[in-house]
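Several structures are given next for inspection.
Next come two complexes, and both contain chain A; in the first it sits with chain B, in the second with chain C.
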Partner chain A sequence: MKIAVLSGKGGTGKTTVSASLAYSIENSQYIDCDVEEPNGAIFLKPELQKTYEVKVPVPEVDSSVCNGCGKCAKTCQFHALAVIKDKVLVFSEICHHCGACLIACPVGAIHETERTIGMIETNESGTFLHGRLNIGEPVGIPIIRELKKRMRDEGLVILDCPPGASCSVMKSVHGCDYCILVTEPTPFGLHDLKIAAELIQKMGIPYGVIINKATPTEKIIHPFCAENGIEVLLEIPFSREIAENYSKGILPAEATSDWKTKFGEVARKCAIQGREGG
Partner chain B sequence: MKIAVSASGKTLESIMDQRFGRAAFFLIVDSETMEFEAIDNQGASSGGAGVAGAQIVSEHGTLALITGNVGPNALEVLNAAGISICRGKATSIRENIEEYKRGTLEKIDTAVASHFGMGAGSPK
Partner chain C sequence: MKQVSFVSGKGGTGKSTVVSSLSLLVKNKMLADCDVDAPNLHLLLDNKVLLAEDFYGARAAVINRDVCLQCGRCRGVCRFDAINESFEIVPMHCEGCGACTIVCPVEAIRLETVKTGQTFVSGTARGTFAHALLDIGADGSGKLVTEVRKKLEQFKKDEQWILIDGSPGIGCVVIASIAGADAVVAVAEPTKSGLSDLERVLGVARHFRISGFVCINKFDLNPEITVEIENFCKNNDFTVIGKIPFDPGVMKALQEYKTPIEAGDQQFTQELENLWQNLQEEMNKKIDMD
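Up next, the complex of A and B:
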């Protein structure tokens, strides 16, 4: 059972929810797909013992073979190549590793070389994984792909997704059985929740909502969920106690057994609905 | 000589676009006759806009470029092509060409940060 936790808006509590679920269910696997700012480790405190570099193929041009025809630059949809005065300039940081330039080159002057863009770290047992994109790198997808290769087939897998609703989120969510959309009762939370819900609907995955920083009187998220028939799985209150613990890296589920039980129930509910939907 | 100008429209009266890669058009102007060609910048909305723009400008045999700012990738391509870059003003293409001929435009030899033309640089 693979559950993806996403939100659209950043800072709503994806990691609080994901890490709480992983904490509450024994032998679950937690994967931090937010490779630009992985911070699940702050809560789950794993002993990271294994490191794998993530490399991507980028073109390299043999200038003794290249005839400067410019077909590689015309073929590249990402403008990672330019041909000036019969010489090829390669901008490997904007390359998307599709290999089209190799096919386009009529004289076989292009071959692929590897470039490291980041890494994956895991604990000994492989129940905690996160990826780290090197600073300045624009595309984290290859790291998410490597993380997902290490997903377990059995048991509960929690994927803590990046914010937003673009390629890296889609890559993280793809193939999951259920999605939890974490939101907060603000106009910003609702705005981005709508975008995330639309994305998940298009991808055809069953989903529910968790409202973080919830207040008893909120009238922003509940009406939207009621109108659209979306289940509110859990409300985490806007509470000083939870916020104080959070500031010390302590999860709600870690602080009280009551919250551990609640997150356990959410995980079971998602698992049932995920199976029904799938 | 041929001069390229990043442009917000397709005529000599159009205002120069401060951005290079993200400009809507490039005007290639013959500075002697003031004859010109307007090129739709296909790369304006995609990735690698600076590289693509510099490639277009160099393919038209221009010796100079008038624009507001260039990013690091565009600068590398333009330098390789031997195109000199001048900082234009937010006035018409015609006035920028006139200023270029008088030699009153400042040279650009350093890049702004990547994605500056997409709002990455905050206005002062």
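Up next, the complex of A and C:
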């Protein structure tokens, strides 16, 4: 059972929710797909023992073979190659690793070499995984792909997704059985919840909502969920104590057994709905 | 004209709250919301749209089924599993690289431009404002950010500042939000994750040689980590230009679609005035040093 946790807006509590779910269900697997800013390790405190570099193929031009025809640069849709004075320059940061330039080169002057863009770390048992994109690198999707290759087929898998609603979120969510959308009761939270909900509907995955920083009088998220028949799975109250604990790396589920029970119930409910929906 | 980009490694640290509030304090400026995945600034601005345009920021392969021989060469070269067994393009996976178009022996495949979002330029009581909406799940959000900034500059009169509301993270959207800016202000919270995320986003600013400054939001939530952040900044030549206390009033104001300044939060207003004063002084200092 694969459950993805996402939010549209950043900082609504994706990591709080996904780490709490993983914490509350024994032998579950937690995967932090927010490779730009992975934070799950702060809360779950795994002993990271294995490291894998994530490498992507990038073109290298053999200048003794290259005839400077420029077909590679013309073919590259991402402007990662340019021909200046019959010499090919490669801008490997913007390369999409598609290999089109290799195919286009009429004289076989291009081969591929590997470039490291980040890494993956896991604990011994593989129940905790996260990835980290190197500073200055624009695209973390190859790291997300590597993480997802290590996803288990059995048991509960929790995917902590990146913020936003772009391709990296879609690639994280792809193949999951159920989605939890985490939001907060502000106009920002609602606006971005709508975007995330639209994304998940488009992908045809069943989903529910968790409201973080919930205030008793809010009239922002509840009416939206009621109107659209979206289940509110849980509310985590707006409280200075929870915020202070968070700042120290302590999950609500860790602070009181009551919250551990609640998150356990949410995980079970999502698993049932995911099975029915799939 | 100077451009200041507000970013954060971790999301939800208060970028939009700070930028929307500064939009009431700073005179003679333009505003850009570059968080194109999840734009929020327009929710707090009374904006009248002057220009709305579709943005075509990506390409995708299209197969002409009448011509296709189903020989499978395209599937052999596609590294993204974007062509399925029935020789249909899977839009979500297609990167638009065109490798398939090169190997097709009968020219059955071509690349077509794809709409990836919309840009808007609006008139507001607080200055000209640009934002965008990325289409759901679309590729190339960095390009859309660059487009937002380009569109805004077309409406430039004699404004002195552009305030940019950036996005969380350290990837292409952030890079596009800070490229060419005169200063980056990282908004951080004093949490365990906040410090490591702050270090990473300031690393990106430094990588692109842009002066980085720091605003610590909810600084009193964890005084120890606030001190850690301040020490980190001191040791790495980043100036802390503002410290805003934890204040439930901010949440209350936002729930009423107001900035804390409009809601009459005096302490918050004072802190933001200080932040802006400090930023100007620090930016002038950097210019003197250069």
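The working rule: the second predicted complex is superposed on the first by the 278 of 278 C-alpha atoms of A that agree within 3 Å, B and C clash if a C-alpha of one lies under 4 Å from a C-alpha of the other, contacts with A are read in each partner's own complex, and residues count from 1 in each chain.
Quick note on the criterion: a contact is a pair of C-beta atoms (placed from the backbone, for glycine too) under 8 Å apart; a residue touches a chain by one contact, two chains touch by 3 or more.
Here the structure is a predicted model, which means the values were calculated and not measured.
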Which of chain B and chain C A:78 touches, first, second, both or neither: both
If touched residues of chain A are counted for chain B and for chain C, the larger one: C
Partner chain(s) touched by A:87 [first = chain B, second = chain C, both, neither]: first
First (chain B), second (chain C), both or neither touched by A:195: second
Touching partner for A:64 - first (chain B), second (chain C), both, neither: neither
Doubly contacted residues of chain A, that is, touched by chain B and again by chain C: 77-78
List of chain A residues in touch with chain B within their complex: 73, 76-85, 87, 89, 91, 94
Complex interface listing, chain C residues touching chain A: 8-13, 16, 37-40, 43-44, 59, 77, 79-80, 92, 95-99, 102-103, 111, 134, 136-139, 141-142, 167-175, 189-194, 196-197, 200, 203-204, 207-208, 218, 221-222, 225, 246, 248, 251, 254-255, 257
List of chain A residues in touch with chain C within their complex: 8-12, 15, 36-37, 39, 42, 75, 77-78, 96-100, 103-104, 133, 135-140, 162-170, 174, 184-188, 191-192, 195, 198-199, 202-203, 213, 215, 218, 220, 238, 240, 243-244, 246-249
Residue ranges of chain B in contact with chain A within the complex: 43, 46-49, 51-52, 54-55, 58, 73, 76-77, 80-82
